[in-house]
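Scrolling down, you'll hit the structures one after another.
One chain, subunit A, links the two complexes that follow: it is found with subunit B in the first and with subunit C in the second.
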Partner chain A sequence: MKASRSRAIQGIDQARPDDENPQRSARPASPRARLLLGVCLGLLALSATADGIEVAPPKTTDEAIDLQLAEAAADRHACLRCHAMSTLAYRNPENSDIVGLSLDREALAHSVHGELACIDCHRRSYRRYPHPDRPAPGDLDCIGCHEDEDQNLSRGWVDIDAEFKRSVHAVSDSPEAAGFSCHSCHDPHRFRPAAVGEPIAQIVRNHNEVCLSCHEKLVAPLNTSHDWLPNRDAHWASVRCVDCHTPAAVFANHDILPAEQSEKNCVSCHSSDPQLLARLYQFRSEDDIARRGLLAKAVFNEAYVVGLSKSPALDRLSLIIMGLVVLLLAAHGVGRYLARRANRRA
Partner chain B sequence: MNAFAKTLLTPKNARRLLITVAVGLLVLFVLYKVVYPIAFDAYVGKSNAPLTYANSQPISEAELEAMATELSLSSRRAAAEAIVGQNDGAFARRVKVEMLMNTQSFMREHEPTHIKYFRDANILQYEGPKTCLQCHATIKVRHHDGRTSEVDTLDDIVNSVHFKFQSDGGGGFSTYGYDGRQVNAEGSRPIPVGKINRACGIPGSFSWTGWAALVESRPEATHGEVELRSEGCGQCHIGGNYQPATEKMMPIGDVPDVAKEGIDCLICHSTEYDMNQRYVIRDDVGLRWNQDRTMRAALTVGRSTTKNCLNCHQHNMGGDAYLHNEAAQALGDKNQRLLHTGAKRGNPFSPQDDVHAAAGLQCTDCHVPEGHKIPRGRMGVDLVANDLPNVEVSCTTCHTAAPHNRSEHKALLNGHLDRIACETCHIRELQENNVVLRDWVHPTWDAEEGIFTPTDIYRSGEVNKGFTFLWFNGNGTFLANALGNNPNGSTEYDPLMAQLARIDDPEIVAAVREKAIELKKTYPDIDVDAYVEAATDPLSQLTPEQLDKRRRMLDENLRAHMNDGESRIYPFKLFNAMMYEDMGNQGPFGAMILPFDYATYYETGDTTASVKQAIQDPIVQRMYQEPFKLYMMDEFMAYFGVSGGWKTHYPLVDGKLENVEPKWMRQMGSLMINHGIQPVGRDCVECHSPNGILNYRALGYSPERAAELENLDIVENLRPAASFSATDGG
Partner chain C sequence: MTSLYLYPAWLRLWHWINALLFLTLVASGVSMHYAGADWLMPFAAARVVHNTAGILLTVAWIGFVVANARSANARHYRVRFRTLIGDLIAQTRYYMIGIFRLEPHPFHVTEAMKFNTLQQLSYLGVMYGLMPILIISGWAFLYSVYLPETLFGLGSVWVVAMTHVVVSYLLALFLLVHMYIITTGETVFSNLRAMITGWHRENDPPRPETPASAPRETP
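Up next is the complex of A and B:
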């Protein structure tokens, strides 16, 4: 029920005409959205009877959506009365670390989960204060909600789950990786996938912040781990960690590789057929990616990548010029030799 | 030009030039060092002379040894008793204490350190700073940012707030004039200001007129016999001179060396300092404060402890009448100090009433000194002077951002920190003698002490009576009003027109009325209704034009500073007083207040005579002259919210007060309270209920939000079980 309800709201979201995302809004939303609205209506009736609340049967689908959104908003409001307090925190008695329980109201509103009710993910017992000490097992499992094929994604949740299970985060026996879950990287209260058209540098910064929130030692002044990389800081500013730390051949950016297996081959990116295009530049609009030619690659990539804008025509032209220069030099030499010989004879 | 330079550079002329310049500099130096001080003293009517103290006597070596043995024993005994547990029987405990006391390492650790130094250096007389500076001419100072530096000890102390009452201008000050300018901000012309809206001693910053006074009291017990009593600002300020550090008010000049010799090092540094030596004495030059300069006090010198600070500061925190004010138990061997029965804050620091004092914390644990400069933190409304404006003094330094650890509701309690200051919950009440409204104009005869004292119209230590809650971002006004605003950017929150300008509580109004009726018996001219109105609604003393101007100034000049930074709700002690004001220098926030002469006031109760006496002091006369107007008073008045500059019309003409009226200041001052911290904070329902102690609407919350905060289901849910009290001291 949780899953379908949240999907229902996603559907509603897509149906809204004032959506900011041009690609999404361009998509024909009507048949699927209508189906989802039906589901949502049914659910509403179900939940009303289940809770024993008398609700007048909604007359139109719009009203139903509004009602459901309002219900979720009321639920969020109730939780945020405390959880929006920026200092809501306690000190973990085991290590004295401060554990923050506060949510950023704005970030939540703009996240993918921004229109859900809190209790969609958190058990109903969280509705009242005081809350249980810890969630029940499986309570906050993303796959529990996101199990089905979701056409928003280039590949299924099941694939992501499989990738994750292969990743160093899942298989490592380091104590720091104990209990690693989706939430370790993706804060469900602020998670928002990068949208096509956002500035690449911003996307890179946001992505890398997630990694560096744990791997903060990597950016410490005396750390030498990435010293092999030429122009290290330039790379860090314009390439995502996952671009090198996931298998280069397949698109599986949850399969984080251990350091020794990560990409170290410069040509993977610095060539005219770069994998970077397939990964990082997926955030460019399709039009931009489709552009061909020297200027298009150099200008529309937002960052000039050595090798990426390689042009065969230019290569050929250079070769011809070089050949011509050699020929010219040779002709000049021969000319002088001949002239000198003629002079001597005279 | 060339020819001129050539003549000038001939050896003979060059020598002449050199000599002229040298003589010129010498003359300037002599003028500055010799003539200027004499001229300055004549100008401000003050005099200096070498200071002598009767108790600064040489002792013999045998006496030193006897004293050393006694002091060593008592200090070791106190230390041992603190360590040996109470569990044993009395006899076993005594044996253990004595064993410990006589253990070699313990003796080394707990004997007053200076016994050995004085013995080795053969110091047999304590002569004030001179003696200390023999070894401590310079000290190493560790700064808050980790720097260390070496400073001249005497300079360091002479330029501290404790000595000169002001600090050098520039940066960090949080006080704003009603004209919207930050007081003594960098780039402005600094003027000498220290405290603001003084609730103690003499109203107004007139430490000159009330530095030291001998009052002839006629207590009941002596049946008309006159008993001399001591009074004045000098009892707490460390200079031992005939007046405060007047020279430091000026851009040039320094306190004379003879005055520096009067600095009382031991009141802050000696554990055996005898407050019974602190009383006013009269010599050929005038009145000044005596101090303890005995060898006994000198032998126990060391780092300042809480006891040292409280010699003076319990007076402004717990109050003179506070039960555990130790200094107030030692009023003087003669000319005993007068106690102020109404408390300035009623917010004591003592093991009985403060959790930190009970835990044995020293004042300097939070107020970490850098040399002789002591930080007061970045927040404060009633003090412009700040020796270390950039040094933080705050609860979170020790308690972290998540201070509650024991309670089941710790996270929720910690959640409040963003909006609520710790003090709001952890100071539950003030001492009941906390003064809110004080009438200086209609004194009351105190038969027991045999003096006339100002009449406290209203005293209370209760919440929303003696103190209330205001948004505060660390900024204050020139008359000590806390500035801040609801983070929602409210335009409704308006403390200078509401919380600080009007008393609506019917209980308080009734109490004021009762007191007014009582006063009318002595002062038949009092119109009770008018009196109550002026005391509880001080804005009623303003004309409509003045009110308009006030409204405009608040919106245009102060609103922006209210919205600065991050505000939290803090408790503030409220205070207002009726005093004589110079109506020629009036603005929408009040007029220049005039000082009282202590002796006249206490002895006769004739308040106008007392004012006349006080304003004849040369320094007040100078204040009403052009040089002072240009030097500081114009600027002062601008900060005060009075436009058009300082009017130099001296209010005493032919022995009559002219254009002087008794008035209540046009709003209450709000004094920060930060001590008297209770381990158990307030209960949720004290704030989160319809009649809670926080008036959410007045604090700028929307009606919907206010209703929500008053009726929280969370609190409701918890109530039947156990009351959701903040039983957590962290």
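Up next is the complex of A and C:
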């Protein structure tokens, strides 16, 4: 940010000599011309003073931030004059693919990077037009800004990097996974963390759209990959893909699992919540009755889910009461025995 | 020695079948409830055993209710309201104090009444209160898809599951107390023997003028 501000100030500073338009003619000027020149120079000097007032260092932090934001907005505006055009694209000469270069102005504005200037990330070679056909080393340096966030994250970049390197996206041999990077999922022009209070369904949809933008075949009508999952569409509407396709132990894990290692055990989620558990049991019961019939259902009841009748507090209370009753009965028995023995001795 | 034939064959057969089913249901129920521990039955086996034993328990319970209503045994379940409070106090006092002082039992077993008041109330509560709730909640569990979505504003399955587990804990408590109380007969095993042979025996015949030597109860 500091860099962009100083660039902007430099820009204004550099513009001044052009505005002053130094004399190019060596011919001596007439007195009238000299007077005119004097007036002009005086006016220019006034205007330069006005420029000087504009570029004076901001007095408060708020003013400095306002200035930076205004400059970033101007920078974005310039870039988006082309890049907001939905048809902006080129054909990759190597594989004839059409590579889109357009951005969604709205999505960018709402994204976590929405207030940055484009050249804060797209450095060096992108300052001029035409842009080079590939970024120069040092362009798109995410860590340059994000390194300070290490201490704010529950897990640092090192952990995320290690998880990513284990993930199916990193280890897959598929040509489609070649060149997979953070940006493949976290589109910097759209990415924003879910806000508290946002509807869960919306958060889930936003998350899953990222996965389905590549795995689009999954939602094809005849695709059978998730047929094992009861109420598939209901799950997809309320559960994020990563909830089953990452190891459950770590929150926000970047180790995306291959299909065969992903969570298929319904109880992992449904046992932890009585409502979810009951829903799973009802679904399985209907299936059980349909397959086995009413009588066989009574004997086999394959629908039963471990933990369905579990309430840790109730179990604890019941076992404590039962333990106390056993102790009481044992004490009673010992009392009776002692009373009889005393009686026999007497 | 006097002998009273208080436990007819059908009653003893039902009692021991019921006891066996009870133990089976406790073992398989605990195996399902606390699934995963090594010392429990495998979950899949426990599920079939529990359901089968539950179905048999239902049949046995219906058999008991019908047979009890049609036979003379029903008389033992008629509450004597007139003396209820006094009997309850006397019986409770005996178990808490009198039994340690080797006092005579306050209740006298006769052909007309084999249960003391505490026994009678607990058996009534178990056989006509907890058992039907346990059985109905068990079946409701199996056919929960036919229940309304909610009961009393709570999810039906949850209500059914909690009812089943609470009643089963209460019945397990009953079983513990029952197994202890049967040792409080004339000797430790006299009541157990009565439920095997059908005959209630007592060494000292009761003398009406001195109820102090009355025989102890048969649970």
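As a working rule, the second predicted complex is superposed on the first by the 200 of 346 C-alpha atoms of A that agree within 3 Å, B and C clash if a C-alpha of one lies under 4 Å from a C-alpha of the other, contacts with A are read in each partner's own complex, and residues count from 1 in each chain.
To be clear about the criterion, contacts are C-beta pairs under 8 Å (C-beta built on N, C-alpha and C of every residue); 3 or more make two chains touch, one makes a residue touch a chain.
All of these numbers come straight from a predicted model, not from anything done at the bench.
**Student:** Thinking of the overlay built on chain A, is A:Leu101 touched by subunit B (first), by subunit C (second), by both, or by neither?
**Tutor:** first
**Student:** So, A:Leu229: does it touch subunit B (first), subunit C (second), both, or neither?
**Tutor:** The answer is neither, since A:Leu229 touches no partner chain.
**Student:** Which of the two partners, first being subunit B and second being subunit C, lies in contact with A:Met322: first, second, both, or neither?
**Tutor:** In the superposition, A:Met322 contacts subunit C only.
**Student:** Once the two complexes are aligned on chain A, which partner has more residues of subunit A within touching range, subunit B or subunit C?
**Tutor:** Looking at subunit A, the partner in contact with more of its residues is C.
**Student:** So, does A:Val210 touch the first partner subunit B, the second partner subunit C, both, or neither?
**Tutor:** Touch partners of A:Val210: none, neither subunit B nor subunit C.
**Student:** Going by the contact rule set out at the top, does A:Leu69 touch subunit B (first), subunit C (second), both, or neither?
**Tutor:** neither
**Student:** Which partner chains sit in contact with A:Thr87 here, subunit B, subunit C, both or neither? Use first/second/both/neither.
**Tutor:** Once the two structures are laid over each other on A, A:Thr87 reaches subunit B alone.
**Student:** Output check: A:Ala170 vs subunit B and subunit C. Expected answer is one of first, second, both, neither. What do you get?
**Tutor:** After superposing on A, A:Ala170 lies clear of both subunit B and subunit C.
**Student:** Figure out whether A:Val112 sits in contact with subunit B (first) or subunit C (second), or with both, or with neither.
**Tutor:** neither
**Student:** Enumerate the contact residues on subunit C facing subunit A in the complex.
**Tutor:** Touching subunit A from subunit C are residues 32-33, 35-36, 43, 47-48, 51-52, 55, 95, 99-102, 139, 142-145, 155-158, 161-162, 164-166, 169, 172-173, 176-177, 180, 183-184.
**Student:** Please output the residues of subunit A touching subunit C within their complex, sorted ascending.
**Tutor:** Spelled out, the residues of subunit A in touch with subunit C are 274-275, 277-278, 281-282, 285-286, 289, 294, 297-302, 304, 306-311, 314-315, 318, 321-322, 325-326, 329, 332-333, 335-336, 339-340, 343.
**Student:** Going by the contact rule at the top, pick out the subunit A residues touching subunit B in the complex.
**Tutor:** Those in contact with subunit B are residues 81-82, 85-91, 93, 98, 101-102, 128-130.
**Student:** For a test of understanding, state which residues of subunit B touch subunit A in their complex under the given definition.
**Tutor:** 400-402, 404-405, 408-412, 414-419, 708, 712, 714, 717-718
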